[in-house]
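Next come two complexes, and both contain chain A; in the first it sits with chain B, in the second with chain C.
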Partner chain A sequence: MNHLIKLIMVLFSLLLLTSCYDKVELEQQSYVIAIGIDKNEDKSTYSFTFQIANPEVGSTLASAGSTEEAKETITVPGSDILTATSIANSTVTKKIVLDHTKVIVASEKLAKSDDFLRIIQSISRAPQIRGNVQIIVCKEDASEFLNNNHPTMEQRPHKYYQYMLQRGRQTGLIPNADFHRFFQITEGDADLFLAIYATTIKEKAKEHSIIGGHDYIAGQIPQKGGNPTQFIGSAVFKEGKMIDIFSGQETRMSNVLDKTIQMNDLLTTYPDPIDPNYQVSVDYVQKTEPNVDIQYNKKTNHASIYVTVPFEVELIAIPSMVDYISNKDNQQKLRATIEETTENIANKLIEKSQKVYGSDPFYWSLYIRKKFKDIPAYEKADWNKNIYPNATINVDFQLKRMSFGKMFNDSKINEVRD
Partner chain B sequence: MNPNRMLKAGEMFTLLFILLSLKATDATASLFTQKTQNAFWYMPIISLLVILPSLLLLLHLLKKYQDKNLIELIETIMGSLVSKIIGLIIFLSSFLLMGFSYRGYVEQINFLYFPETPYVILSLIFFTIVYFAAKKGWEVIGFTTKIFLPFFVLSSVILIILILNDLVIERVFPIFGSGDIIVLREGALKGSIFIELFLITIAYTSFKKTDFFRKGFVLGLIFSIISIICFFFIYATTFDYNSIAKMSYPFHDITQYVNLGGYLTNIETFFMIFWLLGSFLRYAIYLYLVTWIISATFHIEHIESLLLPVGFLGLIIGVISKNLIINEFTFYNSILNYLTFFYIGFPILLWLISSLKGEYRKK
Partner chain C sequence: MSYKPIKKNTKKQDKKSTPLNRHTSMQIKQLKEMYSHNINKDFCSRTLFANFNKKNVHLFYYASIVNSDKIEQAIVQPLLEDDGSSFPNVLTNESLKEIDTMEKVIEHINSGKVVLLSEGDCAAYSIDVSQFQHRAISQSENESVVKGPQEAFTESTHMNISLIRKQIKDKQLITTVSSVGERSKQDVTIVYISDLVNSEILKDVQERLNNIDTDNVRNVELLEQYLEERPYSIFPSIYYTERPDNAAAYIENGHIVLLMESSSACLILPVTFWTFFQSPEDRYSRFMFGNFTRMIRFIAFYLTTMISATYVALANFHSQMIPPDLLLAITASRERVPFPLLIEVLIMEVAFELIREAGIRIPSALGPTIGIVGALILGQAAVEANIISPIIVIISALSGLTSFAISDVSLNYTVRITRFLFIFAAGFMGMLTLMGAFLLWFMYAASLKSFGVRFLAPIAPSFKAPKDTLFRKAVRAELWRPTQIQPKDSKKK
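After this line comes the complex of A and B, so read on.
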């Protein structure tokens, strides 16, 4: 009998597990995946666009009869994100939950204004928004971007953003732009932050000679078919304000030179040194971090920065059919071209960052910190106003190894066409 | 020798470890970083060094007088009246700190996991659990912590492994933070974050052998310092010095940040469970120690019957301070600073008097 009473009491204690005030059913929540922010004409309000996922779509159980859309996108005005969610509830049936937000999309207009930092700061105060939310800057209005984005394969928005950005980061064409990094760099007040650049509006195809083949920014790729949304390049932020746009190639280079970013899949092309009509395609592999060595003179506040980047390449296509495999001289030429071209791109980017931006997108201020005893001295020396713009920078790309894929030799085109 | 006692060095180790190392997960880190910026991660070492002489002196005295706990020791050396005063000061200080930090813990839970629940309800639930855990007695608390510890350590290790990739070691430079003098001074003033080391000496006689206490004490101290430093180092290298200063709960920021691959993204609740269990135990230990001190000071037999009033008053302190926020952060900060002097001072006083008395006796 005694046991029975105990058992009943234990069973009743299970009721406590439902928790009291914060109890909310899964069904009663709307999961926001993407938040878009636009600037209104009126100074103190913004337009917030919430893209809400429909959990029913894509699950095997409900897919049979359901004809519901995969997502719902609504735009409401508001002064900050949390109050906007309550306004949005006038059309959205359920409680809006931001815990699963994957991306925050800001329009270029907002990013370039002083208000960007203000609004982002207020977002970070909410415990629901996590440090790993990615920041995207789009060319058009954020609401337009989110409404135009119609992926055909990954219809469920959370999967779409997850895969799209993951793959983009692997190829290095977009930066790693999470909230956490944004605040570390912006508050550190020394380096440039790169946000993902994207658009759904197609520009006229850019007329340019293909050097490296990734010198595009979003909207410039002459793509046909598929989803019009392009993610390539990055928006450059200085002190929490957007100042410029990097192309895919420049973004890649900043990622290569930044030791805090990892990427693993760089396919790129170099001009063929023997037959300039063609390009050589290679797989660029960087196994170790770039080595940044800073010599700093305290008296003159001058720094000399020596960067060595060891890398490997694997040749994947030689359309010119020049023999680079057995011919040592040709190989030597190709090596020289690859190193030189990469160094040129890097030097151009560094020069631009020194002269135009006065700060670096490579997070190199980390290396100079060792030279100072305490933070007041470090802040006084002022990396982004004094040290970096006047620094002597020397970049050396060292091609350590070249491999040739699974084919030993290409077919001899002359003999084939004989 | 207390043959009827069950606790051994292992329990002592776990008790001290839970009591101290959970400090790494509360607002202590942000308290430290306010003035010293990125140098806060090694500050606990300085704090420890400052109080270490007094602590060793106290341990030495406990060993010399044998089979006496903290309050009994003071009474033997100083006499009845002075011992009551010192006992009362120790009690009040630890009681206040318990009240404040109790509030901090409940507020974290409230803010991060149960935003809709009123603070009072949440702290009542917290208090009820802590009270019932403490009521089971010192030995049960000891065994429970011993059983729980592996899980807590495991969850911490998982967290550390997951965050490892995002550490940027260069962020610890410039190594002296906001200046070497400031770091030394602040570190020294915060000696009182190790106040628990003094409190736990009240349990000196509750182990099978007093040797067990000393052994567990030293090991527990070493390992909890390592774990605190380890966590602080992680905070300093994941967050830059400007960001860490404005963060109230860096531990939870990290648990929110980490992912377990692409599929398991929001996993902070996993770490929250172990952290929550750890903080229940920590407060059960704390409540028991504080009550033990007051009952030893006034020779009250049953510690367990005092747990309820002492714990409840502690809860009230938490609630009151929430309603009268007069910059509680600075208040807490200055209490810690003053207490450091007291806790450094009284063991030295004890030692002086005890050695003087010894001289008299010889004559």
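After this line comes the complex of A and C, so read on.
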């Protein structure tokens, strides 16, 4: 009994000594939703932009937040992100917490410099930032991007990013660019990392006659009205440094060929094989994963990569009104066109990645690793410099099934217009 | 079974006994003095002239607890008119007993019997003509079921036993009586099936009953507190129920039931945690339906103990675990509230307990007002006055409402006290201390025993049993009695 009393007293004093350590009331914190990072002129400092959500906007309390902005965006200089939060506290009233950060926006200028890896590294050290934070590269300065981004529907920033990125990934127009993946790929020292590419600046409308209709990068879509911010395409990172930009179509293709990425909503167009003036719109469905088969010859350090992509399509629009449904010959032609076109796009992308980048954005190094005895052997063979650029790659898209939607027969245009 | 029968006083041995002698008139005087005959109005003494032995016979009884018709028919008339050789010959009533000490005489008078003292005889006779007043059998109110028998125990041992016997027609169903209390002797009826019950436990119960050292134990509610091993524990160790069907079900599994004259409920022992968790209706409903209810009740159990504490822990220490929408909504509503979140939660929880307590004590005519006042003041006005944030109303309403799903009166208190313990624990260091408190609570529950039976059996430690714990099997698939209580016959036929 005596022991019990002592034990209780010790436990209780422990509770007193800790004195609710770490306890913070919710309303005494400011929740950062987006962080922007820019490079300053001098080397050692950066500008950090914090976009802080205003909790009172969107809440149902009648009196609350009727005139306040949904977010507050401030930019402060600093050498790393956590010290920047304390400087930001000179204007922000409450403790800045980064737990709920959804995106990190880096300017293209910073991403292309050597410093990107340094600064990103220091962010990953902070336990507050989650592994699933998405990395966005923007054409302009990150502070400018965050300040110019004025969504009209989802005014609350966390909702905006959540929906925007979710939908973008579903359609495959932007990659899955979370923090984890960045470090996995960068430290794996093979493959290319794709970050989300976005901008608020509109370019002059690009001359485009390319099939597929998704061959844009952010800023090129001649959009009218709405929020000027566009999320399409991806920034290509090699060894922690940005080297190029992929268009939406290229991003989609690399998402298709990458088994680690899931997409479910790919609407696209193909040229109409019978009537070249029109396009056929289809819903591309990837029911089974692509098969990546790598044959590796140790002596010559040469790899042959065979990729088979089984897919299905559902025709959603045939503006030319050619009969693809009951006419088998036409159907054959269409099938051939679809497979061929897709393969062309893939082959172009692969060629570019082999010749220009010397590495792949498809995370294919995963499938060759098991062919080596140990990690040093794999590192010595060097996927990026030796294996991939010289590999023989054969991509085979196999259209397994074509379905025609709800209606079989189109209106007979000749009969309608007589 | 590792098992320690309690050692306590053996005071009963030095009990006085005064044998009756032939000086009847002296003893009559003594008795009358003892019962304050001249001021105690319902104490009756009558003198009759017995026909068969031509002597005076003195009758003593309490008028208020006997049936006077019965006295006339079974005692007065035979004595006055009938012939015979001895008292048992003349008084043919089945409860006639010969008694030989003064103490017995007093005890019998007190328990509603008529005691006869015959002039010059050194023995007395008692006849049971008691008629204690009690309620008729009514519906079970605190443990109501939709599907199942509706009768509840009432304040009469006789009727209660009859309600049990109605369900178990077994010659081995035994009802023995022990008396407790020094000044006022009360009968405790022990009901069990003799070829099922674990005789060690039965012996222990009887010993404990004998060792109760107090003036008076009026009913089973008090008896429970005299019997239990740990009076300071937050877990109950004896099951209290007002349903005879429930009692019968436990008796059939080898448990022991205690009844008392002035209680409309019984005590069942030994029991486990699951006993308190279950409702008889779980078994009356079909397999799927019964288990669905159990699942709901388990969710309710979790919510009522944990939800407020979890909210405190998450909001104060782990805001990163709250989804942003909810987080911002809570933050917005908290911005105008003057109290820390922990206090806010406590205000509402205490308020809810207040309503609950007041709701029980309030005269039933005023009942509806409590709902209006409670709902208005706590729900709406407090939020509008910025004293609490709306989410707290949801949290405390949820934890309060779900506590009603734990229908057992004893476990209900356990759960409500636990909730407060957990809220405080969560307020110290968040999830860490909450989990710590939960572990301690759980370990304590696992360490408990009810009359030698582990509280979390038959799950931990595992026993052959119907496995009627969190979920139950189909009734046909139950092959065993709960062997954690070690019944004499462990297989169900």
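The rule we apply is simple: the second predicted complex is superposed on the first by the 394 of 418 C-alpha atoms of A that agree within 3 Å, B and C clash if a C-alpha of one lies under 4 Å from a C-alpha of the other, contacts with A are read in each partner's own complex, and residues count from 1 in each chain.
Heads up, the rule we're going with is that a residue touches a chain if its C-beta (ideal position, glycine included) is under 8 Å from a C-beta of that chain, and two chains touch if they have at least 3 such contacts.
Quantities reported herein were computed from a predicted structural model and do not represent experimental measurements.
Visitor: After the superposition on A, what does A:27 contact: first (chain B), second (chain C), both or neither?
Guide: In the superposed model, A:27 contacts chain C only, not chain B.
Visitor: Per the contact definition in the header, classify A:183: touching chain B only (first), chain C only (second), both, or neither.
Guide: first
Visitor: Go through the superposed model and pick first if A:114 touches only chain B, second if only chain C, both, or neither.
Guide: Touch status of A:114: no partner.
Visitor: Looking at A:156 after the superposition, I want to know if it touches chain B, chain C, both of them or none. Which is it: first, second, both, neither?
Guide: Only chain C; A:156 stays clear of chain B.
Visitor: For A:99, select first, second, both or neither according to whether it touches chain B, chain C, the two together, or no partner.
Guide: So A:99 meets both chain B and chain C here.
Visitor: Regarding the shared-chain residue A:41, is it in contact with chain B (first), chain C (second), both, or neither?
Guide: In the superposition, A:41 contacts neither chain B nor chain C.
Visitor: After lining up the shared chain so the two structures overlap, which partner does A:131 touch, if you call chain B first and chain C second: first, second, both or neither?
Guide: Touch status of A:131: first partner only.
Visitor: Now for A:378: first (chain B), second (chain C), both, or neither, which partner does it touch?
Guide: The answer is first: A:378 touches chain B but not chain C.
Visitor: So, does A:369 touch the first partner chain B, the second partner chain C, both, or neither?
Guide: It touches chain B, and chain C stays clear.
Visitor: After overlaying the two complexes on chain A, where does the chain B footprint on chain A coincide with the chain C footprint?
Guide: 20-22, 99-100, 130, 162
Visitor: Looking at the complex, which residues from chain A come into contact with chain B?
Guide: 19-22, 99-100, 127, 130-132, 162, 166, 180, 183-185, 187-189, 260, 366-367, 369-370, 372-378
Visitor: In the complex, go through chain C and note every residue touching chain A.
Guide: Interface residues on the chain C side: 315-317, 319-320, 324-325, 327-337, 340-341, 427-430, 433.
Visitor: Quick check: in the complex, which residue numbers of chain A touch chain C?
Guide: It is residues 15, 18, 20-27, 29, 31, 33, 53, 55-56, 58-59, 61, 64-65, 97, 99-100, 102, 128, 130, 156, 158-159, 162 of chain A that touch chain C.
Visitor: Which bits of chain B are touching chain A when the two form their complex?
Guide: The contact residues of chain B facing chain A are 37-39, 111-118, 121, 166, 168, 170-171, 173-180, 238-243, 253, 256-257, 259, 262, 265-266.
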